[in-house]
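Per-chain residue numbering starts at 1, and chain names A, B, C and D are given in the order in which the chains are listed.
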Amino acid sequence: MTDFLKKILFIDLIKGLSLTLKYNLSKSFTIRYPDEEKWLPYQRFRGLHTLNKDAQGRELCVACELCAKACPTKCITVVPMEDNNGIGIADRIAKIYEINLVRCMFCGFCEDACPTTAIRMGREYELACFSLDCAKADKQRLLAPQEIPVEFEGGYVIKARLERTKEGIRVRPDLTKKKRWW
Amino acid sequence: MELIFFYIFAIFAVSSAIAVISLRNPVHSAVFLMVCFLQVAAIFILLRSPFLAAVQVFVYVGAVMVLFLFAVMVLDLGKERFGEHLHHQSPIAIIIIIGLVFVMGLGLAKAKLDAPIGKYTEAAMAKNTEVMGELLYTKYVFPFEVVSLLLLIALIGAIVLVMKERN
Amino acid sequence: MDTNTCIELALIIIKVIIISSLLFALPIPLTWIERKVAGHIQLRLGPFRVGWHGILQPVADMIKLMFKEDIIPDKADKWLFKLAPIISLVPIFLTFATVPVGDKITVFGKEVTLYISDMNVGILYILAVAGIGVYGLILGGWASNSKYALFGSIRSSAQMISYELALSFAAIGVVMVTNSLSLVDIVNSQKATTWNICYQPLGFIIYIIAGLAEINRIPFDLSEDEGTLAAGYHVEYSSMRFSFFMLAEYVAMVLMSVLAVVLFFGGWSGPILPPIVWFVIKVSAFIYFFMWVRFTFPRYRYDQLMTIGWKILLPLSLVNILITGLFLI
Amino acid sequence: MIPLSHYLILSFIIFTIGIAGVLLRRNIIIVLMSLELIFNSINISLVAFSHFLQSMTGRLFVVFTITVAAAEVAVGLAILVAVYRQRKTVYVEELNEMKH
C-alpha cells in the first residue's frame, strides 16, 4: 500500500530531484587549474628530480652511479669525473648527469639508492613542452632550485596564473595564498 | 489575393499528388503525400474552417503519415526495381481512368448548384468551432458514437492483427 | 490597401522578424545555461574558460560547428538527408505564430498585440504543427542509411504516436475548463479566476511527462540514446545540419515551457511586475525544470516508455477528461 | 471570392490521381496512400459545398471521414504488416492465392 502511494506521489522522483537541487546550489569542487588555481602536492610527492647541495653549496652527488643501476627504466645517465676544486663533497663529481624524463616513471628508486641524499624527487609536475629537448633533464636543470621550496608544506590549492611566453606555457604559483581543497 | 493563394495551394497539391503515385521510393511518396495533406489543410483555411485544417494536420500529417513511414521502415521496402513500377493491367486501368475523367468532367460541366442555402452565414461561421462542437453532440451524436466505436474496433483490430502468437 | 492595413501588415512582419530572430538566438544562451546547470548538479563548474564564466562558449561552439566539414554519407538518400533538418526546424518555428507573450501594449498611441495571431483554434494548431517536427527525426534517420539512425527514427515515430495522444488529452482538460481553444482566451480566463493548475493537477502531471517525451529529452530521449544507439537519428549528421537538429530541440523545449505556462500557470498574469517579466520568469522556471530533470533521472528503457505511454498516461488522461467533465456538469 | 467550381475541379483532379494510383501501382503501401488521396479530395469537396451552401453538415462529415480514414489506415497497415510477414512481399500481383 505504501509502495503504491509512493509511486502515485512520485516520492522517489522528488527525492532525486531534491538531491540534485541541493547539489546544484552547493559549492563546486572544481579546481580552476591552470587559470586561477593549482594543486600543490605534499612533500612526499614524486615529481621532477632535483640534485641537492649541502650547506656550503657543494654538490652532494659523488657520481657513484648507484641511481643509474637502480633505475628500472635505465633513464639515468651518469658520467663521473675527477675534480679537486671543491665543487663536490668528494673529489669525484658527475660530468654528465642526465635523466630522460620520457622514460622515467617517477618510481623513486634513485632516491632510495643514493648514499648521499643527492638526488631527491621534487614537486614539479608540469613537464609538458613543445619540443623534445626539455624531455632531457641535464645537470644544470636538476641543480637549479625548484619553484616550490622543499620545506614548504603541501596539500593545498594555491593561487596561480597562466603565463604564455615564447618558450611555452607555464603556470606561475603564488605561494602566499593557499587553501585546503576540500 | 485569395485566388492567388488558392492557385498556389492547388498547384502544389496536384503536383505533390502526382509525385505520390509516380515516385518509386515509398518514403519519397510518403513525404509528398504529407505535402499534399498540408496543402489541403491550407485550402480548408481558405474555406473558413480552421478547425478542420488543424484536425487535418493533426490526424493526417501527425498520425497517419507517421504510421505510413513506420510501416515502410519496419518492412524495409527499398526502391522498386525498374520495370516493377507498373503492373500488366495498366492499359485497362488507363482506359478506365480516362473514362472516369470524361464522365466526371461532363458531370462537372453540366452541374449547377440549386440546393437550399443553410442558415450559417459568414458571420455565424466566425465561431465555427463552437457550432461544430455543439452540432456534434446534439444532432450528430449517433454517428459520432458510431465513429468512436469504429476507432476502438480499429485500435483493437490492428493490435490483434499484428500481434505475434506466443507458443 | 489603405494605410491602416499597411501598418497592420508591417507590424506583423516586424513581429515575425523579432520572434524568429529571438528563437534563433535563444539556443545560444540556453546551451550555456544547460551546461552550467549540468556542471553544478554534478558539483563541477561547467564551461569556464571562454569569456566570463564561459559565457562565450556557445559562440565558440557555433563557430566550430559552422566550419566543420559537412559530411553526407555516400549511400544516404541525399535529397531527404538535406531536407530533414529543415523539416525538424520549420514547424517548431511556425508554432510560435500563435504563442502569446503578453496582452496588448500601447506603442506610439497604437495598440500592439504581443502575439502574431490569435487563432481560435490556437492550441490545436500548436499541437498539430509541433507534431510535424517529428518528421525531421524520422526522415533524417531513414535517409542516413545507417542502422543506428534507422532505429532512432523508428523509436521516435512510435514514441511520438504514443505520447502525442496523452499530451493533447491533457491540453483538452484545460480547454474544457476554460471553454476556449484560443491561447489568449485561456490566459484571460485564468486571470479572472485562479491558475488552471488548481483545477487540473493530474492534467499538468500528464502534460509534463508527455511533453518531456514529445520533445525527446531525457528521461525519454530514446531516439538519440547515446548508450545504445550512439546518437540515434542524427548519428550521420555533422556541421550546420546537426546544429539545426540541436536548434529545433531547444526551441521545442522553449515551446513546451511556454505552453505549460500558458495552459496551467496563468500565462503573463501576475502581481506588481509587468506582464512580460512574469512571463519570462515563469518560462525560465520551466526551462530550468526541464534541465534539472535531464540531469537527475536516468533514461527509461524502451518497453518501459511504451508501457508508461499506453498503459498509464493514456488511461489517466482519459480519466482526467472524465473527471473534468463530471465537475463541469 | 473563389468560385465553387475551382474547388470542385481541384477535388476532381486529386480524386483522379488517387484512382490512378490505386489502379496502376503494384506496391500496396502506395495504393493505401492513393486511398488517402481520394479521402482528401472528397474532404475538399465536402468542405467546399458546406461553405457555399452555408450548412454545417459537410464540415461535420469531414470530421467523420478523417476518423474513418485514420481507422482505415491503422487496420490497413496492420493487415499489410501481417501479409508481409507471411509472404515477404508487398506487391499486389504477387498476392494472388485467391485467384487459383
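Brief remarks on what is shown
One rule holds in what follows: a contact is a pair of C-beta atoms (placed from the backbone, for glycine too) under 8 Å apart; a residue touches a chain by one contact, two chains touch by 3 or more.
What you see is a predicted model; the values in this text were computed from it and never measured.
Just to note, of A-C and B-D, the chains joined by more C-beta pairs in contact are B-D.
Taking each chain's centre as the mean of its C-alpha atoms, chain C lies 32 Å from chain D. Note on chain placement: the centre of chain A and the centre of chain B lie 74 Å apart, centres being C-alpha means.
We define each chain's centre as the mean of its Cα atoms; on that basis chain A and chain C are separated by 50 Å. We define each chain's centre as the mean of its Cα atoms; on that basis chain B and chain D are separated by 6 Å. Within chain A, contacts with two or more other chains are made by no residue at all.
For chain B, the set of residues touching two or more other chains reads 55, 63, 67, 74, 128.
The set of chain D residues touching two or more other chains is empty. Because contacts link the chains only in sequence, without closing, their graph is best described as a line. Contact residues of chain D toward chain B in the complex are 1-2, 4-10, 12-21, 23-27, 29-30, 32-34, 36-37, 40, 43-44, 47-48, 50-56, 59-60, 62-64, 66-75, 77-82, 84, 90-93. The part of chain B that touches chain C in the complex is made up of residues 25, 27-28, 31, 34, 50-51, 53-55, 57-58, 61-63, 65-67, 69-70, 73-74, 127-129. Residues 13, 16-17, 19-21, 23-26, 28-30, 32, 35 of chain A are the ones touching chain C in the complex.
For chain B in complex with chain D, the touching residues are 2-3, 6, 10, 13-14, 17-18, 20-21, 26, 29-30, 33, 36-37, 40, 43-44, 46-49, 52, 55-56, 59-60, 63-64, 67-68, 71-72, 74-75, 77, 80, 84-90, 93-94, 96-97, 100-101, 104-105, 108, 113, 115-121, 125, 128, 131-132, 135-136, 140, 143-144, 147-148, 150-151, 153-155, 157-159, 161-162.
Taken in their complex, chain C has these residues touching chain A: 37, 39-45, 48-49, 292-293, 295-297.
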